[in-house]
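All chains are identified by letter, namely A, B, C and D, in their written order; residue positions are counted from 1 within each chain.
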Amino acid sequence: MKLFLVLLLLVLLTAFGTTQKKKRVIFFGDSITQAGANAGGFIGKIDSMLKKNNNDNYELSGAGISGNKVYDLYLRMEDDVLNKNPDIVVIYIGVNDVWHKRTSGTGTDADKFEKFYYAILKKLADKNIKAIVCTPAVIGEKNDYTNEQDGEINRYSNIIRGIAVKNNLPLIDLRKIFLAYDVKNNPENKDRGILTKDGVHLNETGNQLVAEEMMRMILK
Amino acid sequence: MKLFLVLLLLVLLTAFGTTQKKKRVIFFGDSITQAGANAGGFIGKIDSMLKKNNNDNYELSGAGISGNKVYDLYLRMEDDVLNKNPDIVVIYIGVNDVWHKRTSGTGTDADKFEKFYYAILKKLADKNIKAIVCTPAVIGEKNDYTNEQDGEINRYSNIIRGIAVKNNLPLIDLRKIFLAYDVKNNPENKDRGILTKDGVHLNETGNQLVAEEMMRMILK
Amino acid sequence: MKLFLVLLLLVLLTAFGTTQKKKRVIFFGDSITQAGANAGGFIGKIDSMLKKNNNDNYELSGAGISGNKVYDLYLRMEDDVLNKNPDIVVIYIGVNDVWHKRTSGTGTDADKFEKFYYAILKKLADKNIKAIVCTPAVIGEKNDYTNEQDGEINRYSNIIRGIAVKNNLPLIDLRKIFLAYDVKNNPENKDRGILTKDGVHLNETGNQLVAEEMMRMILK
Amino acid sequence: MKLFLVLLLLVLLTAFGTTQKKKRVIFFGDSITQAGANAGGFIGKIDSMLKKNNNDNYELSGAGISGNKVYDLYLRMEDDVLNKNPDIVVIYIGVNDVWHKRTSGTGTDADKFEKFYYAILKKLADKNIKAIVCTPAVIGEKNDYTNEQDGEINRYSNIIRGIAVKNNLPLIDLRKIFLAYDVKNNPENKDRGILTKDGVHLNETGNQLVAEEMMRMILK
């Protein structure tokens, strides 16, 4: 009888172990996501928060590359995302598509931004991978709409919002969240230093804010 | 003798009347001001409104040239403004300083925009000519801050607002006025057709609005 | 016996006829290639020249879309090229990758241009499709290196020349051919009207020149 | 009597010697000229070479400011040039007018470049100050016309050459001189390090070359 119980336990444990596969989450993006995988980055923060809550159901990994635009993600989807069989992909792209227009004349046309975004989503949908989309947060943290490319980053955020609605996708509206935060917490109207180090890349507070928003959406 | 005095008085009054020189107002700017001098433009509209009110004290003339930026105004000040001995100069510049950054890579750096603006004001002040300054209205009429260069036009407007405050100059804040108008009257969030023909150049309604704002400030 | 030989001949001819499949050639590019498929375009001209020479071995078709850059080709390869099982693909891309840097801030970084070019070539090689590559011809026809983007179009042409050498691919060096032609035939150093209508898109002479160069390389 | 005449002659010669005012030369330009006034810069090198030749007839001074374009020179002419009563002004401008098109969208339109250049020359001519003009040397030292802005720097150099011819002005064709030097001395086709430190600003060799060319023209 004792032996029977031990064996039963073993069977149950095995069954539990095999059925409860961890959900694989890939964060797919540019230098912000690349830094998110570094010490103090938002990916590590999400991981820590999950562990604190004894949630061991997720396996997180970063797939961010500096300078990436939407079509760069498309080019490396097979290698960096699909071949790794993720359950969830958090797409956080768009800053360089706007920013590089001014810095190097190599941004992305709005219509092509949307086209490539859809092409990425289609490849994920074809493999039944859940996509979570994010709007690009900020290029400059001034909160009175005087950052040089505010108009464009608003416009590209609107494109992503539209995509989310049409495809019924979970949206993390970082643009909206960052603007609201900066209105409250940037009384001197500085262009950096609130949620970013340089107007674009996240500081400690920014990484924490993004981590919280992303975790909430991943757990939904 | 009494008659003589009465006649003398009449003669003096008449003389005074004729010598009461009209105030010369020059509108100094770019293609928007150039078009403002055409049929249906805001300069003609101001003139008509003044006449309707039997106000014959102003002589208006346009000095707008298509494609002008702030340094172009500076270059042609002597010929087109100072040599004409105006009493008032309405400066309406800034759209091309921003716009040409995107269209041809030849906009104006913000710090140099301010520097040349001050250089113009100094030349006017040296001749005791009253300056009235305007913020650039719009490059695109969408009212949710998604026009491509909204961030920049807001920034350059802020520069002009700062100049007006520091120099105690009358300011016609067309940027603010147009935004408020577009929020009320552009429910479909179109990028043109409310106050402009093409997102930049004034239509009938835009010319009327500008005319009213400018007249009000000139009469102050 | 005679009849037998005649019949045998007929059978062989028929067999020869059916097995000798026409070679399918796809011209893959931007608006220049799109126009190349129109009346008077270089694709039709190649077709006519082949027919004049009683060469019935090729089936030509255009796959050019206005505004395309290298990554746009990559995005639509399956639909517009691979699914049509071509034997030869003539890749003529690069003008917009350079040109749009200036016109709209949305050109292609040199390193990414090369990366996507290789990605296209890899997909063709994987299916044993022969690739013929072309350098971008001109953005402006002045022959003294004073066209605004001469430096860049030379640079991107060098990238394609390097790719051709490294991959042992046939190269149609339109950049070199056009420059040589313009040096000889553009004594007034005009920016358009020699081989192009507008500095970029081919006129009759340009289409003829491109047709001859491409036919020569296809027949090799 | 004879003695008297000899003495008189001596006195007159002495007087003539002291009244023979040194020729004042101002170098008017951007950061390249600004650095030219630093230790090891071309202005000091000209000064040293003159002294070595016992030529004490020139007084040299620099008026270069980093980031300056042609209209910045125009704005500060009175303060930095005219008020100092120079005999000769060496104008070395144009690099930023081209370069900033790409780096910040704030270059100078070709037609306005020419217009402001003429405005500067007019002010000098009005005061009988001799102008020596220079073409902009390089933005990138590759010698096969693949530097990004080669087309433009050639074009703006042509504008200055045209101005020199039309106004019969001495021209130091640095563009031509640098290209010839780089063809001979840049066998690896590097983009910097031959005559410049960074593709734009002069190294030791570049300063020496510019010094020699300028001295030759000043002494003419």
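Just so we're on the same page, a residue touches a chain if its C-beta (ideal position, glycine included) is under 8 Å from a C-beta of that chain, and two chains touch if they have at least 3 such contacts.
Because the structure is predicted, anything quoted here is derived from the model rather than measured.
Between subunit B and subunit D, the superposing rotation on Cα atoms measures out at 180°, rounded to the nearest 5.
For the self-contact between subunit A and subunit B, the two sides draw on mostly identical residue numbers; the shared fraction is above half.
Farthest from subunit A, judged by the mean position of CA atoms in each chain, is D.
Once the centre of each chain is set as its mean CA position, subunit A and subunit C turn out to be 40 Å apart. Between subunit A and subunit B the centroid-to-centroid distance comes to 47 Å (mean Cα coordinates, whole Å). Subunit B and subunit C have Cα centroids lying 53 Å from one another.
Those residues of subunit D in touch with two or more other chains are numbered 102, 105. Only residues 71-72, 74-75, 100-102, 104-109, 112, 115-116, 119 of subunit A touch subunit C when the two sit together in their complex. Interface residues of subunit D facing subunit C in the complex, by the touch rule stated above, are 140, 144-152, 154-155, 158.
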